[in-house]
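After this come two complexes, each holding subunit A, first together with subunit B and then together with subunit C.
Let's look at the complex of A and B:
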């Protein structure tokens, strides 16, 4: 058969995929391993098997407090980012406004700029105008960096939709709000959902903006973990990290059910 | 209400948010970098560019970012090609393999590497038992540790960028090359690689930018002695509290990134 690939090449490809897979997953597996260790010290392979570090995490005020802040911020960010980004994507897709192409570039620009540069600017501006940072600062910061994802996923879905549906609805007497709510928004839903998942995941895991905007009493979960790693890591860090990995796995499963992971990956 | 008004209302919240909370902060940062006691000053820039220590930091950042990007491309291209050519079930698993680390917090992944590469970690242990390393051998706090950690962090970006392009390549082109007597390796080199080039270039730009601007992984794996530019910025902001100097360093990073991105955008790319 033409195009057949010889055995050695196939075997080499398999070895390559296995090695790369090992490399990509190794840090996650190690973290999970450390978290169930009985030992007081970080060790892999784990010494013994126990859930004591999970118990410790679930009774630690600093971890629970940080988790609560992260969770609230991520929910707020998901909401604002999906609303602003989704609405903007609909407007960009209709190409009614002058310079719609430039508008798309405008909305995608936070994606191109390194987050650290933005984080510094945000810290400096906020301090100059409002003084100390608050949870609102992190909320705004995360919304800015996640909006491009929502715009992109929604635009991708809309560009495949049928523009005549809206016209048909108009001919049948639907008003602007009805057209938007009953025709356009349902078409956007897969893109909005994908964007919302991106926004939640990015905000919940984000460390750069949160590190620059940190202050005592305002640490998100990744910042809390970072702080522990800098000074005195014990297996409780691994337990928290494992919970975060589990959340990611859960999110991927939901995404696969709702949208299909392949589609999600290609956006 | 006109069409224009309706769409303006839709775009306005995001437009205002980005204008006020994205572009103004960047402008503020740019301003602060040239703000002195009495008016305009470039002292922060001359301080950076005149100090061999900071020039060393800059050079290390560029060197490591290039190395990390090259390794990502070397692994990412074959991986993406295999992903594009395997069956749908296998492809799904491979995509999960790439996305799971991508969606896990960088802090968590770096922690995993700290455990693996640390003095009593698995990797030095294995190297020691193979007789490849001495008793006190440690990879932590070296540039190698940064490169290993960063490649794992950035490989998914590279792979997905290339996958987007490779999966659109018509397999009949490869079949045609093979029918004409081209071997597998030669087909890969002369047909697939040139067609995949836009994906490789886009992925490389993304990886380079991300790696030049990260500090979490370099800080935790390289320690405070091995500074990269982004880590130095973070230190100026949080430890020495020298914000104008931090702003100047951020501007240098910004200019560096622009110098790389703008020619590419000119060529008609677009970042992904």
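Let's look at the complex of A and C:
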């Protein structure tokens, strides 16, 4: 019987749901609250109401410069990560390459590898071979850590699609290139879109790799926020964070319009 | 339209040979069924004709042209898959147009016309703008058929296309397939494990068993004169009884393993053989002038009829009868049949599966 859930279990479930909601949403509420504070200091509940910190942020060269770098990096990362991850997923899904299983594990390994170790290694390797870090270094670093998401979402979509579609297209006269563009890629599209969304968000949000690969003039937004918080904390940090939250929510809404969040989340 | 010639096709997967040299001539416009149990190689053979699978040995000719080395996209074929394989991101009309687009057949206007024609043929013209996900299974099946016939291919290949439909839809589609074939006259190869489908649709049936052609012929011929115990049991649920034929005076007598005897036509050859008797040719009687006596093992009530499983000389016999009179499990019953309906086949070399 599905309906027969005992009372203690139901209470426990409710507590769990409430706790999850609380710990998920409460920090956001605090951040948004602090951002509209009038005070010089980070305090919650806010001291008075004002938008001065938003004005501060939007006229600050260091914030805007960092945001511009983060935005450019995130765009580049989305592009390369979706291309590489998508191609890898298609290849893995066919199981014709020797060791497809090992390949899948390899492409997903950045998920389990501690990012800090990867970041240190990347810094040492780059310095040894190419010298000083550039925006390309961060681009590559972020691409590596976001590829697993694209591979996963694309594989999920592919594994649910009819394995005979490509053969069917072949019997209808479609050559190799036509099959790729007219059959395989359209199949992957929801997965690629989901993966691209993850890649953009993760890159835009990423702090560890960016922190190790920073230098003057090459500071991403999360690193800028971290620096601000460490050396001269004020509610501008909260204001930036609130803007980032708003952008993310906006992005989700756009994707919902285009693809539907249900379908998107299920991949 | 074109004829298809398969010459000594062999196929191995690794060290396992699944097709042992199959040769087949299919006339232009013929509807041929490859019939067999799962694993007999029928789908593999179809995929070799399509070019999706390469033959290890042998030659495939379409319309007189050797296409053995050509990939599917270079062969003038169309194939319908068991899963239908409709492209989910395209509309119904775009799916049906796909082969025309890929093979660059006609102008855009002509393509539209042919798509409309094909959809009309399967009576789904009104669904042209639908998405695939909005269609029922039966509708998807018809769209797949429309897509397969739209390019008027030299050969139409059908891989168990009706197996995912429920019984009523399947019967409708069988009728429709017959009509479409009559109208378009496409050379058609139809793969199925369902003997009824094969019997009702085909001009000719090729019965495959373990990668070899067991028997081929017109449906009535292959049904009424199965050449082997396998063919006999696969087509029409025949009961097979091992027996030994002896001549006594002017008559031939078959002796079963339990000592019961049956009179056979006088010209029957002596020696070991298999008697094949269809379940619909047997009636049951309580006692008396029966040809043979057996014991009732199981009775299955089917509504309009009853099916009995009888035990005779160590073999299970299936008999389909009316629901009255009822014979109790464990009781003895007499089997009544016309001795002319018995087919005498070579002795069984190994146990063949009785698939019905």
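Here, the second predicted complex is superposed on the first by the 234 of 267 C-alpha atoms of A that agree within 3 Å, B and C clash if a C-alpha of one lies under 4 Å from a C-alpha of the other, contacts with A are read in each partner's own complex, and residues count from 1 in each chain.
Note that a residue touches a chain if its C-beta (ideal position, glycine included) is under 8 Å from a C-beta of that chain, and two chains touch if they have at least 3 such contacts.
The structure presented is a predicted model; accordingly, all values stated were derived computationally and were not measured.
Once the complexes are laid over each other on subunit A, subunit B and subunit C both fit without any clash. Within the superposed three-chain model, A:58 lies out of touch with both subunit B and subunit C [touch as defined at top].
For subunit A, the partner with contacts to more residues, out of subunit B and subunit C, is B. When the two complexes are laid over each other on chain A, the CA centres of subunit B and subunit C sit 100 degrees apart as seen from the CA centre of subunit A, to the nearest 10.
After overlaying the two complexes on the shared chain, residue contacts for A:9 are found with subunit B alone; subunit C is out of touch. Applying the stated contact rule after C-alpha superposition, one finds that A:124 touches subunit B and leaves subunit C untouched. In the superposition on chain A, A:187 makes contact with subunit C only, not with subunit B. Once the two complexes are laid over each other on the shared chain, residue contacts for A:173 go to subunit C alone; subunit B is not touched. Touch criterion met: A:20 reaches subunit B, while subunit C stays clear of it. In the superposition on chain A, A:162 makes contact with subunit C only, not with subunit B.
Minimum C-alpha separation, subunit B to subunit C, in the superposed model: 11 Å. Overlaid on A, the two complexes show subunit B and subunit C touching no common residue of subunit A. Those residues of subunit A whose C-beta lies close enough to touch subunit B in the complex are 2-3, 5-6, 9, 13, 16-17, 20-21, 23-31, 34, 42-45, 83-85, 87-88, 90-92, 94, 96-97, 103, 106-118, 120-126, 128, 140-141, 143-144, 147, 151, 176, 180, 201, 204-208, 211-212, 222, 225-226, 229-230, 233, 237-238, 241, 244-245, 248-249, 251-252, 261-262, 264-266.
By the touch rule above, subunit A contacts subunit C in their complex via residues 161-162, 164-165, 167-175, 178, 182-183, 186-187, 189. Residues 50-52, 71-73, 77-79, 81, 83, 85, 87-89, 98-99, 102-103, 147, 151, 157 of subunit C touch subunit A in their complex. Those residues of subunit B that touch subunit A in the complex are listed here as 1, 3-4, 6-8, 10-11, 13-15, 17-18, 21-22, 24-29, 32, 75, 78-79, 82, 91-92, 94-101, 103-116, 118, 120-122, 152, 155-156, 160, 163-164, 167, 171, 174-175, 178-179, 184, 209-210, 212-216, 219-220, 230, 233-234, 237-238, 243, 246-247, 250, 253-254, 257, 261, 271.
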